[in-house]
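The structures come next, written out as structure tokens.
Both of the next two complexes hold subunit A, though its partner changes from subunit B to subunit C.
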Partner chain A sequence: MNAPPPAGGWGTHAVSVRYGRRLALDQVTFRVLPGQVSAVVGGDGAGRTTLLRILSGAIGAGGGMVMRPPRIQTGYLAAGSGTYPDLTVAENLAFRAAAYRIPAAVAGPRIQAYLDRAGLLAARDRLAGRLSGGMRQKLGVIAAMLHEPALLVLDEPTTGVDPVSRADLWSLITQAAAAGAAVVFATSYLDEAERAAHVLVLAEGRELAAGSPEQIVAAMPGRVVAAATRPPGPAGMRSWRRDGRWRVWMPDGAGDVPGGGAELVQPDLQDAVTVAILAREPGASPAPATSGTATSGTATGKEG
Partner chain B sequence: MWAMIVKEFRQLRRDRRTLAMMIVLPVVLLVVFGYAASFDVSTIPTVVAGPAAAQAPLRAPFQVVDRAPAEGAAWAQNEVRDGHAAVAVVTGTRTVVLIDGSQLFTAKAALSALQAGRTHPTGGPAPQVRVLYNPGLKTSFIMIPGLAGVVLVFVGIIITSLGVVRERQTGTLEQLAVMPLRPRDVFLGKIVPYFAVAAADLAIVLAVGVALFGVPFRGSYAVFALGALLFLFVTLGIGVLISSVSENQGQAIQMSFMFTLPQVLLSGLIFPLSSIAVGVRWISYILPLTYFNEISRGVMLRAEPIGPLWPPLLFLALLGLVVMTLAMLRFRSYLGPAGSGGGRSDAAGAPGAAEAPDPAAAAVAESR
Partner chain C sequence: MDENAPLAECLSVSRRFGGFTAVDGVDLRLGRGEVVGLLGANGAGKTTLIRMLLGLLPATAGQVRLFGGPPSRQARRRVGYVPQTLGLYDDLTAAENLAFSAAVFGRGAQAPLPGWLHGYRRVLVGDLPLGIQRRVAFAEALGHGPDLLILDEPTSGVDPLARARLWETIADAARAGAGVLVTTHYMDEAGECGRLVIMAAGRVVAAGTAAQITGDTRVSVVDTGTWAAAFAALEAAGLPVALAGRTLRVPGASPAAVRQALGPVDARVTEAPATLEERFFQLTAAGARVGRPDPVRKEAG
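Up next, the complex of A and B:
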């Protein structure tokens, strides 16, 4: 039986982590609820992996509070598949089952079922090192969820994976949540984050925005317009390339885009996150979308 | 081409271990071969027994370490067996010279000195010479007990260091760190297979040595096993230590090589310890293989009992304890948090917590 989470779910409260002199996480609060999929997004060096390592118990926090189930009820996929390339698929899962003390009578059928769900049945006797990238990631994910943990922590499970395997992985992830697990994953893909119930946006170790994708979009200050060309002047510094056009953030929510020809667009999570990053720029106004604070940023004029 | 040269130099400059190996290793080899590598035996520790023991005029290369006029042949032979002397001279009606054949080059030097007539131990008629333990002075008799140690060094240090560092390279170490396994279990789980393989290797080497080369095994299997166990304890610990400070398998091999080479060259396996220059010989006495050689040759060839072998056994036990403790501590930090927390993040991670009767109590609320 899995440990019931504390009120408010598993997660962190004002957690900070420092690597040497570098502050990797600064007062980050994050909640992961049972039966929900939560996403952690952010750019390179944002602190996503550090936060997930904290949640999994791989590292300790320098300050703050961490709420997580005991290890035997935590599943973790580190960056990379975390599987042994010189063991077969079945041997990798058998090792994981033994490490998490799953009785043999339960482990056998469960491994079979997970392999089936992941589409890896035919590869069960293949060395993990000889699997394709997507198959290896799927193996890593089912290895992390084999013991049916209360908290499932997945670090970039779909990075470098083809669309079909991504769909398979998403099926596995949502099934784990449907079975009651609190699932948290880190991703660089904002379209994936949009599928999560709760999203935390990190930048340079700090919380930039948090909430449901809809809440983050709704809290976005100003408006976003689309233009055929990059506008000149300050507006150009608040623009980014997307879908063959230029998106421009209008912080005050009014005024025309220099050069004309721009049309208002309905922002989505990707727009809202980009705006949140732009809003960190000194002098940008109004304040960013959510409770998060910001330090500095240069994400202007992006090719995105 | 110039770009390639510059790039290689830049990479080499940052790979300090390889650079150190390229510079240090030739110097080490030069010192070892220049000062240490010698088959020439200039002094032979000798005991003299029997009624004329006090007067027996022994000259170089024989160096008298004890004279016992009241003792006889049995005492003299025990002195040789227990490694206190390489040669024993028993005076009496006819002088008998006992030579320890398990010290091959020393025995050859003693025979050579006696046959050249430079030294007649008692100054009288030519003595009766008996070469003990290895009468044919076969090289295989002394090499195979020593090679058994080399096998243990190879498996214990090189293979073990590769096995552990592989976890780091494949990214599975972090996975192990979050599993409900105690560091001690992971540590033992990693080294027990290598221990078993090394033990099997040792048995094979000994079986082949005895069956194919006719090397005798005259002593106690239990004493030999104890020596091998302690020695393996040390080598496995060194292997884990190396792996814990290596980023990849290449570095692990480099460091293992740095540990293995001196053992092969300076442990008395090839060159007699007494022939190694004093300035370098101290290194021999901190190498575990030196002590294992002493045990394996003593037990296999001379049927040496455990009594006189306690110093090497004790040394290996102490060294093993130190090395294994360091290895275990390194391994714990290796598996533990690298974050700013400074300590393992969870009492919660311990299996005990996971098994707590109240699952809610088992959950972690870690506050700092």
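Up next, the complex of A and C:
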């Protein structure tokens, strides 16, 4: 029987982590609720892996509070690993089942069901080292969830994985959440994060935005317009390509888009996250009064 | 060479490995200034096709033409290629990588270092952030002013702004007249491509713009306070169901069929246009059913 999570779920409160002189996480608060899929997004060096390692119990926090279940009730898939290349798919899972002391009568049918769900049944006798990237990631996720953990932590399970294997991975993740696990995964795909109930956006170890995808979009400062060409001047600094056109972030008080022909768009999570990243770039804010230190928290839309 | 002549062309191209057909009768044409997205699951045959275009692998049947002729070494000098693994030397700096590539392509005078690299002047490529590494690989591939750019998963693993910046570079190259063939697993990027080619099991299963391929395909959408129960009911009925936030999406099943499968579960079932990704699953699942049971063998392609 898994331990019940504290009120408010598993997660971190104002957690900081330092690697030497570098602050990898800076006062990060994150909640992961049972029966829910949460996503951590951010680019290279954003602090995603550090946060997930903290949640999994693999490393300790330098400051702040961590609420997590005992290790035995946690499932963790580290980025780019999690399987033994010289064992077959079946041997990998049998080994994992034994390590977690899952009775054979329970493990056998469970492994069969997960392999079936992931489209891996035909590959059960293949060496893990000979699987494609997507298949290996599916095996890693199954291995992490085999003991039905209360908290399932997956670091970039879908990066570089083709869309068909990504769908299988989502089926596994959904299955774990439907069974009551709190699931958290890191990703750089915003369309995938948009499917999560709760999203944390990190940049350089800090929270850039947090909440449901809808809340993050609603909290986005200013407006986003679409234009056929990149506008001149400062608006051009706040532009990025999307769908073969240009999106332009117009912060409050920025006036109209120069050149005309721009139309207002209903932003999605990808737009909101791009705006949050842009707002931190020097020169992207409309006036000196709102640039600099004020920008880091502008796109934050915390729950509650 | 005629301005309108294709830069790269595949005419009924097939490639077999023993008894396994990795690419099966593919037709593809890429012109100047075009950005064509090549989509497909792993093992669909994309990489094999790219290797044939690069002249690294001969076709078993059909014809591969690069700039109107066979993909010779001479023709390859006009191609810029960024492989998935980027192909950079990790233990050299970005400038050293660029200088080495310039020497290989016989460009004597080295172009000045791009402004965005100045901050990383002394950093080895292996220690650069992934987004910067990708920009370096682009700079290297574009350094000799290629007429054809072939990019394999060029934006994997970077944040959305860095991804948009990379697409800016791709669009600039296309505007300057280069043809671009790009593979991606990220359906949102399909909107940057003028045309898409979807492959499954070695064959082209769809081609056209994203809107043309998605067409009027629709999916059922389930809104419910108890998504886990609805998920279980739909799965038990054998329907393909995907979680999106707190709603469920069911491609390939009518709202009436979904309603019936839900049984006593309290839910509102509506219909919505399918996304390109949902349409992609339908197309590739149908394509994959045609044959090829062994995905590992497929990977070899």
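The rule is short, and it goes like this: the second predicted complex is superposed on the first by the 277 of 304 C-alpha atoms of A that agree within 3 Å, B and C clash if a C-alpha of one lies under 4 Å from a C-alpha of the other, contacts with A are read in each partner's own complex, and residues count from 1 in each chain.
Operating definition for what follows: a contact is a pair of C-beta atoms (placed from the backbone, for glycine too) under 8 Å apart; a residue touches a chain by one contact, two chains touch by 3 or more.
For clarity, every value in this text was computed on a predicted model and none was experimentally measured.
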Combined model on subunit A: subunit C and subunit B, fit or clash: fit
Partner chain(s) touched by A:34 [first = subunit B, second = subunit C, both, neither]: neither
Contacts of A:18 with subunit B and subunit C, given as first, second, both or neither: first
Which of subunit B and subunit C A:64 touches, first, second, both or neither: first
Contacts of A:122 with subunit B and subunit C, given as first, second, both or neither: second
Touched partner set for A:101, first subunit B, second subunit C, both or neither: first
First, second, both or neither for A:82, with subunit B first and subunit C second: first
Where subunit B and subunit C come nearest after superposition, their Cα distance in Å: 6
Overlapping contact positions on subunit A, where the subunit C interface meets the subunit B interface: none
For the subunit A and subunit C complex, residues of the former touching the latter: 35, 37, 41-46, 122-123, 126, 130-135, 156, 159-167, 170-171, 173-174, 177-180, 188-191, 194-197, 203, 212-213, 240-244, 270, 273-274, 277-278
Subunit A contact footprint on subunit C (complex, rising order): 39-43, 84, 129-131, 153, 156-162, 164-165, 167-168, 171, 185-188, 191-194, 227-228, 231-232, 242-246, 277, 280-281, 284-285, 293-296, 298-299
Subunit B residues within the subunit A interface of the complex: 170-172, 174-175, 177-181, 337-346, 348-351, 353-356, 359-360, 362-368
Contact set on subunit A toward subunit B in their complex: 1-6, 16-19, 24, 50, 53-54, 56-74, 76, 78-85, 99-101
